[in-house]
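Below: one structure, written as C-alpha cells.
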C-alpha cells in the first residue's frame, strides 16, 4: 500500500510530543514524513529537518508558506501533524484545512473560545479531515470497552470514576526553567487550565468515548498547590452525564508516586469494568453475580476486530506508542477511504474538551456551582 | 491477666455484626462474655444466650433491666457492646453509661440529632468510657500511616482520595425481604443516609484518622439507583479539610464487582501513600523522587510499636477480625488503665460521622452547595 | 454448644507457635484451655499457666504426668495440642494417644524414622483422633480448589508449581542466638532438613491436598547458602505425581524480599489455578479459551459449603489465624462427632511429609537421583 | 542520520515474526527495508515485496542470489534479517556473512550441531557482525537489572527462578494444520526441542544475560502432554550456574491461562529482584531489611543510560515492540560504529541456547542425570 505523505508543524529539536507522533506514524508504515515547519526558529527548523531526512526545500520557516507550497506541489503532503504548544494550534490547523490538506492535531484543541470557533468553522468548511490525537482512545482494550458498553454488556451506565494522576509538578519545576513545565503552567500558552487541560481533558475524553455519554453538567474544585503556580495542578470534579449517569473525575500533577496513572472505572446495572493506562493490556470485567474476569488485549473474549488494532499475540505487551499508532493508522484508513474513521476523535471531541476546561474554571470560581452545558451552541 | 466481663445488647440469632464483635473480643482473650440482652424477642434472647454459654439468669429481655442488674451485681459486667441497628443505639448506650458501665458501640453513632446530643451529654457526664467501633482504624498499617503522617513523612497534606465501594445493592435486594438490606435501606432505621451512613462514614472516619485533619466543608451529589430505593446507594462527595487539604470521597453499594473496596490514598508535599482494605497487609509509600515502596504489616520500615498491633510474622496475613480485635484489645487496655486509648475512636468520631451524613444530605438537596461545619457546636 | 476442654504441651513464655494455636482455638469458641505442660522448666511452666488463666493444679511440669492425670480426672481434657519443637513431638503424642486423649500436633510430624513408626503405631492403636496442623489447608479457597480439582473443573492434572519462599535466614541469624533460628537450623532438633522440613513440607502438603495426587518420585538439589549452616536453606525439587502429573517445588529461606510467599499453581487439561498465601482471599481460575477469573473467598462461584469455612462477607479479609482456626473447628466437629473430618490432615499427611524430607536429602546426596516412594511401607 | 539499508530473508505473507522484525526496525527510523527473499515460493516472494514497497528488482527468489547481488550493488544492503523457521537459519546466515553483509538472525540459532559449528565458523571468519534477536534482553528494566547485578547491588547471586509459560498448545493444535503450531512441534523443523527451544531458550538467555553467570550443568524432566506430540510441551529444569548459584527453569506451552508469562526472579546475598514480561515497565527490587521497591522504566532509581533505551516518559508503557526495537537500534549503532554492542546477544548466546536444548533432551533421556557443559568446546 502506498504511504501517505506527511508533514509536521512543530516538533523540532527540544520538543517532546513531535517525536511521539513521528514514531506513531512509522509503526504501521502508512506514512512518510517529507515536509515540515518544525520550528519558528529558521536555523532550528533546518537542522531538525536534516536530522529527520526531510529535504531542505521542504523544510519551511513558516507554516503559512508550507501550507501554500505543499498544496500546490504535485507531490505535496496529504496530511499534516500539528504538534505545537496549545496556544499555537489554531492558526496552522486553519491554514492547512483551508489548503485542503488533512490535519492531525495534538490535544487540547486550542486555548480560547475564539480559536475554538474559528477551528470549528474551518473544519466545517473544508473537505479535508480533522483528527485530534486523544491517543488513549487508540488502546485496543479501550475500544473493546466502548463496544461492550455500546452493546449493553454492562447494562444502563450508572457511575463513572475517572482519574489521571501524575507527580511531576509536585515541586515548582517551572521555576527552574524546565521547558515542558514552563509552557504547561503558563495560562497564556496552555490555556486557562493546568492539569485540567493537560491531562484532565484526556480523562474526560476517555470516559466520554467509552460510555458514549455526553456530560450535561459539572462542578469543580480546582487547586494550585505548587508555590506561585498560576494554573490548577489538582482538580476535583463531579459530573452529571446523559441518561442519569453520574461521575467523578480527579486530575492531579502533584500526586506523589503517580507517573501517568490514567484510570477508568465504569459501572452499569449489570456490570463494571476497570482499566489502567500504565498496564493497558489488561481490563477487569465484572458481571453482577459472577467472578471478575481479566480480559487481555487479543485474549479470550476480546472483540473480533482485534486484528485491526493489535500487531502481536496476547501476552506480548503493546504500549503507548502502539495505541498512538492506532490513531495514525485509522487516520490513514480514513484519508485513503478504506474506513469511515468512526472511532477517531475529531472536532466534537475537541469542543467537548474546551467546554470541560472552561466549565471547570467557571464552576471553581463560582464556589462549585453546577455548570450546565448548552448543547445548542 | 484477668479477663474483663463483657455484656452485649443485640447480636442474637440472625444478626450479623454481633458475631463479629464476639470473635473480636475473643481473639486476644481479654474478655469473657457473661451477660446479654441479645434480642427484643424474649425467646430468641434466651435461645441466643444458651448458644453463647451465657447463664440464663444473665440473659435479659430488656437492656434497661440488664444495665440495672449488672451495675449492682458484685460480679457485674465491666463493659457492654451495643450491636443493635443504628436507630436503637442511643437508648442502651445512655442507659449503660449512666449505670457506670463502659460502652463499646457499633457505628454510626445513631440516627438523629436529638439522639446524638443525648449520647454526647451522657458520655460527658459518665466516668465510663465510650468507644465507637470504626474498626478499620484497627488495621496495623492504617495506624502506621497515621504515625507517618503525624511525624511529617509525607509533608503537608494536599490531597486525599477515599472510597468505599460495594455491589450488594446493585439490584433492589431489600424488596426480597433480605434482613440486612431491609434495615440498611430504611431511612427510619438506618438514619437518613444509605451508603453514606453504612460505609461512607467508614471512609470519612478513616481519612480523618490517618490525616489527623478535620473536614471543614463538603459538597455532595447523592444518587439512588436501585429501583424504589429511599436512601442513597451511591454518593459523590468533595471535601475541604483543615490546613488547605482537599479530598474526594466515593461511596457506592451499586459498583458491580466490588465487595468491600475501601481504599485510601493520601498525598502530601513530600510523599504519597495508598492502601486497600481487601489486602490490608500491604501499603504503598511513595517519597518524591524515589521508587515506590511496599510496606508490609510487621515488615521492614513498619513502626516499632508493631508488636502491640499484630500477632504473627509478616507475610502471614491478618485480616478484618484481627483489626477489629485491636479495637477490643485497646479498649481492654483503656478500661484496665494500661493505656490511654489515644487511637480509639470515641464520641468525637461519632459526632464527625453524624455531621458527615447530615451535610451530605443537605448539600445534595441544595444542588451541591458547600456545607460548612460549625466546630463550636 | 459446650466447649471442648483443651490442654497444651509446649507453648510457654518465649515460644511462638503455641500462641497461634491458642488464638486458633478461641476464634470459633469451641475450646477452653484448661491444662498445660507449657515448658520443661517448672517455673516457666507455672508462670505461663498463670498468664493463660490455667489453674495451678492443672499446670504440669511433665507431659507424662499431665497425660496420666488428665485421663483420670472426671473433668479431664478432651484434646491436647502438641506445640513443642519437632524433635519433641513423638513422646507426648504417643503418651496422650495411649491415654485416649485426642491429639492436635504441629507439623512436621517428627524428626526420625523411629519416631515416625512409633507415632503411626500409636495412632493405629488408639481410639483417639490425631490431627496434624498443616494449617494452610484450612484456607477456604484452598479447600475450594481441592473441590474444583476433585470434580474435574481443571481436567486431568498435568503440571504443579509450588513454592514457599522466605528471607529470614538470608544472614546467619542462628549465630546470633535467635531462638527460632537456632532450633530450626539445628539438624538434631529440626530433623535433618532445614527449609525442606520447616516450609517445604507445607508446600508439599498443600499441593498433595489440592490435587489429591500422591507423589511417586522426586529429585532434589539442596543448598546451604548461609555461612556455616548445617541444614538446607534453599531447595530445588522436581516431582513425579500419580497419573502422569509432574511438578516443581522451590523452598527457600534466603529469598530476599519474600516473607511467607507460599504459592501454588496447578494446570490441567482444561484449566489452571493460581493462589498465594499472602493474599489468600483471592484465587485465579483460568478455563481454557476463557478469560481468567478471580475467585474471592465467599464471592461468586465460591463453593456452597463456604458457610462452614468463613465468618464474614467477601471482601473483608480473613487471614492466617482464621485458616488455622478452621483446622481447630473441624477438629472440634470431628471429636464431637458432628463431622467426619475428611479435610483434616492426619497421620498420612505426616508420613508423606517425613518421606518428602528424607527423599530430598537422599536425592541431593546422590547427585539428583530420582527417589521413588514405596507405598507398601 | 542516514538509515541503514536492510534486507530480509523469510517473513513473507502468512509469516509471523518477520512483521515484528520490520516494525522493530522502523520504530527508531534507523533502517530502510530495500531488498528481500521473502519466500521460497517465487510468486509469494514477489507479492510480499510489493506489499512492503520493495522494488521488484530487489525481490529475490533465493537468498543465495540475494546475497550475491546485494554484495556487489553499490547501493546494496548493509544488513539482513533472517526470519525463516529454525531449520532454515544456517544457510542464509552463512551466505550473508560470507558476502560481508551484517546479519540479524531470529532465535534459536539453528537445529543441529553441524549447523551450529558451521555458523560459528562463519561468524569467526567474517568481518560482518552477527546479532541474535533474544529480544527480551532489549527491555530497559532487564538491562537495568543486568547493571544492578553487575555492580553488586544484589550481592553474590544465590538463586535464580526463571519461567516462560504459555497455553496455546494445551490442545493438539498442530493436528488442525495451524501453521505456527505445525512447524514448532515438528522435530525436524523446530530442532529436537519443543517448548525448550521455542521459549525455554528465551528464559535461559534472559537469566544468563541478567546474572552474567554461565550455566555449568543442568538436569531436566521433559514432558509431552499434548496427544501425539513429538516434542516437549512442558519442561522442568534445575540449573547449576557459575560461582555456586543455583536455578530452576520452567517452560510450558500447556499452562492454561498463561499467554507469554516470561518471569525472572533473582536472589543474591543482599537483594532480590522480580520481573514479568507481560508488564515489563515495572520491576520489584528488594534489598535485605528494607521494604520492596517498585522500579519503573525511566522512573526514580532507573539507570542513567535510560535515555538510550526508552522513548517516552515513565508511566507511559513501552512494550514488546520497543524492546525488540532496542535490539535493532543497538545493531544500527554497532554496525555504524557508534557503539560497541556490548549488550547485544550474538553467537555466544546462540551457542548457549543450543547447548541448553541438547542438554535438556540428553538429561531427560537419561532419567535426570546432570549434564555438564564442557566450555572448552
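Annotations for the structure displayed:
Which chain is which? They are A, B, C and D, in the order written, and residues in each are numbered from 1.
Operating definition for what follows: a contact is a pair of C-beta atoms (placed from the backbone, for glycine too) under 8 Å apart; a residue touches a chain by one contact, two chains touch by 3 or more.
Only a predicted model underlies this, so the values are computations on that prediction, with no experimental measurement involved.
Annotation of chain C and chain D: jointly contacted by A, B, touch as defined at the top. Between the chain pairs B-D and A-B, more C-beta pairs are in contact across A-B. Rounded to whole angstrom units, the spacing between the C-alpha centres of chain A and chain D is 35. Inter-chain centre distance (chain B to chain D, centres taken as mean C-alpha positions): 55 Å. Each chain gets one centre point, the mean of its Cα atoms, and the points for chain A and chain B are 43 Å apart. Looking at chain D, one finds that residues 258, 285, 292, 296, 299 touch two or more other chains. Chain contact summary for the complex, chain C toward chain B: residues 1-3, 19-20, 22-23, 26-29, 51-53, 166, 258-261, 277-281, 296, 299, 311-322.
Chain contact summary for the complex, chain C toward chain A: residues 285, 289-296, 299-301.
Residues 154, 158-159, 161, 163, 167, 170-171, 219, 221, 223, 225, 234, 236, 238, 240, 246-248, 250, 252, 254-258, 265, 267-272, 274, 284, 286-288, 292, 367-370 of chain A touch chain B in their complex.
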